[in-house]
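In order of appearance the chains are A, B, C and D, and numbering begins at 1 in each one.
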C-alpha cells in the first residue's frame, strides 16, 4: 500500500527539501531570524508569564495506546540522605523514566518518515537503536524562541471546546486570526487552541486521545504559505483523529515533519493562555520553548512559556 | 555531629523563612516581578540566542560518584514503525531514563535539607518515596524567565579557567561585574562562569567533578544582599569542592536552598555565552530557563537560552 | 487507626521472631534443609518440566492501580550492531524498566511492615530510598529450591476457577490435599491454585485484580502449623480482595511476611501445572524458584519451574 | 569486510540449522530431554545448594564499554506506604532499570547475527525496536534445567585464576574433565571456570573485562561433538578477549549462537561452586537456570543454582 495521490499532490506544494541547503537539519526553524526574535521581544508589554506544559507524572496523558510511550515514572533515589555522615547537609535526588513524547513535547523532524525518507530526503534508516537519529534529532534545534501567536479556534467559533472529530481548517485559522486581531507572519510559532485538553484535565484520558479534534490535512499548505516556524496544539494526536480520509493515517505529520521540515508540538495546555490573551486583548507574545537537547532523539519534553 | 556555629551565623543573616508567607514554596523566585520581566525583555538588542545546556546522553557528566544520579539512557522504542500497516506513515519514538540532576539542571528548594528542615521551615520528611516532594517541588516554579547576568569570573581574572579548588568569592563577583560593565540587581538570575566545564568538554569527567572551583561559603550573603532570584554556574558541585571548611560539606547548598530559598543551577555550559557577551560587550540579557514540571521532583533538567 | 485485636491474636499464634536467631533474615526458608532438598529431588519421576511464570511485557498484569509498579518496558539498545566495523559479528542488546513485583514474583519479607516493624522485629525505617532494604532483602534468600506441592483448590472444588471474592480457607487447602493425594510437610513450597489467572489470560486485566479470590486470614495459621517454607498462588493480591474483614487490608501479607517471615509468590500461572499434575496423578514435585538477587530489593521477578 | 575463510570452515562443521526443524527456535536446548532431566535429578546427593549469580546493583560488572548495557538501577517507589490509611499495613515496592545482559545472564540465540542471519537461517531484521526478537527470543526457552558439569579449568591447571588473554582450549576442557572425574555428555550444561570473576570481586571492573581469559575459537567444535545444551562461564566476554585472530571479533558468539544455536551464559560466579565440588569430590549436579521470560528479549538475567 502506498500513500494516495492526494497526499503526494499536497506534498509537492509544501515541500522544503533543499530550501536551506542539502545538509539542513532544522527546516522551518531557519525562519526564526534574529530580526524575528527582536520583534518577539518587543511583544512583551506587561511581563505576564503563562506556562503551557502539563505536569509530568504517572497519570499523564498516555493510555498505552501508543506502544512504549510511557508516562513519566518519577522515583526518589535519595531522600534526605546525609551523604557525608550523620548531622551533615542531607540530599534528595530523583530519576525519571519517560517517553520523550509522553507529555507536552516537540516532535523532532525525524519523528516520522514516509516512503523510506525523512525531511530533506535523508534515508529513514539513519534512525537506529544504537544512536537514535543521526540526522535531524531534536538536539539540532539548539533553541526555540520566537514570536508566538495564539489562534484560539474554539474561542473564535464561540465554544469552549471543539467536538471530538472536528477538523480544524484554514478557514478556522483565519477566523481565529480575526478573533485575536493578529496576523501570522514568517517565523512565528502558531499555537492552535481546540480546548480538547480539557477532556484530559477532567480526568478522561481515553476520551482525550480519541476521537480528537485536530488539524485538517488542508492546514499544512496554510502554514507553508505563511512561512510558519512551528505549530503546537492542545491535543494528543495534533491532527484530527481518526483521520478525514479513510486509511490515510497521520498525513499532517508526514506533511509537516517530512515535507516541510516544520516541528510540531502536542499536549500543550493552552487554557490559561486563552484566558490571559482574552484579558489582555493581545494574541501575540514572546514564546520560549526550547526542547531538552537529547542527543539523537526524535522528540523532547518542553516547558513552554508565553511572555505577554 | 551538628553543623558548626559558623554555618548558623551566616544562616541567620540570609534566612528568608516567612518573607513571602508561611506557605511560600518558591522563595527568591518571588523577586522576579512582571516589572523585572519587562526589563529583561528590554535587554534583547540583537536577537542572538545562546543555548546553555550540555547535550543529554550516556556520556554525560556523571561518573557514578553520586549514587543513583545516572546519565541519560536514551533508547528507541519504535523505529520507522508503520503503525497503521505497510506503506503508511512510519513513526519513531523514544524513552529516556535519567537522573533529574544528571546534566544541566536546576535544584529545587527541596533538593537539600539540614537539621530536619527544608526551606520555610517545612519538615524534611515531607519528601517521600511515594510522592516525592510534597512541598517545594520543582514544578512549583511554573516559569523561570528573568534578566540574566553573566559574571565571567574567569574572564575578569584574566584566565580561561579557574583552577580546581579555587573558591569564587564576593570580591570575584564584583570584579566580574566591573569586567562586564553590569550591576546585579533584584530579581536577576546570575550565571557565574569559572570555565570548569571545559574539563568535561575535553573528555575528563572525573577531573570535572573533583577538585572543582566553585562558590565560597561567603557568596550566599552577597546573593542575599543583591536579592538575586537564582544562581547557576558551570560546575558539577556548584560550590567549591572539596569544601573550604573541613567537614562542612555543601554549606552553600544549605544556605541557598534551605535558608534563602534560592534555586541553584549546575552544569551550565557558559563558554559560548562568554564569547557572545565579549563580542557584544554586554553581559545582561533575557534568560529563559523554565524547568520541566516534574511533579514533586527535587530537580529538573533545563535547556536555558540567553537572548541578547 | 491501629490494626484490630483479631489481627493481633492471630499474629501472636504464628509469630516466628527469634525462632532462627535475632539476626535471621530469611524466616521460614530456614525450613528448607538439605534433607528436604534431597526429598524434593526424589520427586522427579518423568523429567517433565512446567514453567510457571507469565511472560514479561508491556501488557502485563499491572493496571496502574498499585502506584509505581510498572509493567516491564523492554527496549532494544542495539539491533544487529556491528560494533567492530562493517561485516563483523553484529550484536543486539536490550534494557528493561519494570516493577520488581510487576509480574510473577516473590515478595521479600520486607515488602510489608506494620506498626513500624518488619519481620524479626527489625525497624521499618531500615528500608530507605538510598539502599533499599538493609535487612531482609530478596537477595538474602540466595536460593529457593524445595519440594513443591500443588493445592488445586479450584480442581478440588470441581470448578475451573473460583469466583472473584471467594476466600480460600484451611478447609479448602485440606480438600485440595485430599484431591491431590498429597500431604504438605515441613519445608514444602505450597502453590495454591484458584484459576484466577485465567481472567488475565483472557484479556481482562482489571477483572483479574479485583475482585479476586485469595487466601483467607485464617490460612496463615494453617501454613504455620504445617511449617511451610513459602506459598505462591495465581492471583494479583495473594489474599482475598477486597478483604474479608472491613478496613483490615492486607492482613495475610502482614501475618505471612512480618509475623511468620514466610515469602509469598503472586501472579504464578498454575494452569499448565494443574493439567500436568492431573495427567501424572501426582501433585508433588521438585520446585526451583530462585529470585534474582537484587541487592536490598523488597521483591523480585522469578521464573519458577516445576519438575515432575 | 566479510568474516574470514577460517570462520566459515568451522561454521560448516558445527552448523545445526534445520537439525530440529525449520521452525526451531531453541537449538541445542532440544538436547535436554526428559531422560536427561531424570539423570540430572539423580545427581542430587547431599542437597547442598550453590547460587551462581552475582548480586544485582549499581556497582555491577558493566563499565560503560558496551553501549547501553547499564548496571541495575534499583529504586524504591514506595517505602512503608500505608496505602489504605494511617495505621494500616504498609508496603514497600521497587523498580529496576537494567541491561538484560548486564549481570549474570543468558544470551538468547538472537543476541548476535552475522552475514544478515540469525540461528536457523532466520533474517537478522526480525529483531526490531518495536517488538524485539520476533524469532528466538529468550522467552522461547521456557525452562533451562539439566545436568550441570563444572569444568574447573583453573583448578585443573593448578592455578586460582587463568591469566588475562589466556585462551581456554579443548585440551583444557578435557583436562578439567579428568580433574573432576566427570565426562560431559549430551544435554549437559557446561560451566567453565577460569577464575576471572575474582578480578571483579576484588573491585577491578575494568580489569575484569579486559584482557580476559575465555573460550578459544576451537571450543565450539568440542561442544558440538559432545552435544552440549549450553555453556556458561565466569567472564564478561565469554570468549578470549581481545580475540585470538586479529580482526575476528566475537567468533565464538557467532559459532555458538548463530551456527549451533547454543545459549551462552556470562558473568556466572563459579567460585563457591568450585569449593563445593572440591569438597564433595563431585563435579556434576542438578543445575536450574531458567531465564526470566522477557518477551522478545535477546538475553535475560538468571539466578542459577547448582544442587549437589
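Here, contacts are C-beta pairs under 8 Å (C-beta built on N, C-alpha and C of every residue); 3 or more make two chains touch, one makes a residue touch a chain.
Source: prediction; values computed, not measured.
Trainee: Between chain pairs A-C and B-C, which one is joined by a greater number of C-beta pairs in contact?
Mentor: Pair with the higher count of C-beta contacts: A-C.
Trainee: Can you work out the whole-Å distance between the CA centroids of subunit C and subunit D?
Mentor: Taking the mean C-alpha position of each chain, the two centres sit 26 Å apart.
Trainee: Using mean CA coordinates as chain centres, what's the gap between subunit B and subunit C in Å?
Mentor: A distance of 45 Å separates the two centres.
Trainee: Which subunit D residues touch at least two other chains?
Mentor: Correct list: 67-68, 70, 73, 75-79, 95, 97, 128-130.
Trainee: Could you draw the chains as nodes, link the ones that touch, and say if you get a line, ring, star, complete or other?
Mentor: The chain contacts form a complete graph, every chain touching every other.
Trainee: For subunit D, which residues are in contact with subunit C within the complex?
Mentor: Residues of subunit D touching subunit C: 1-3, 33-38, 41-42, 44-51, 53-57, 66-70, 72, 74-80, 83-101, 110-114, 124-125, 127-129, 132-133, 139, 142-143, 145, 247, 249-251, 253-254, 286, 288, 290-299, 301-305, 307.
Trainee: For subunit A, which residues are in contact with subunit C within the complex?
Mentor: On the subunit A side, the touching residues are 58-59, 64, 67-68, 70, 73, 75-79, 81, 97, 128-130.
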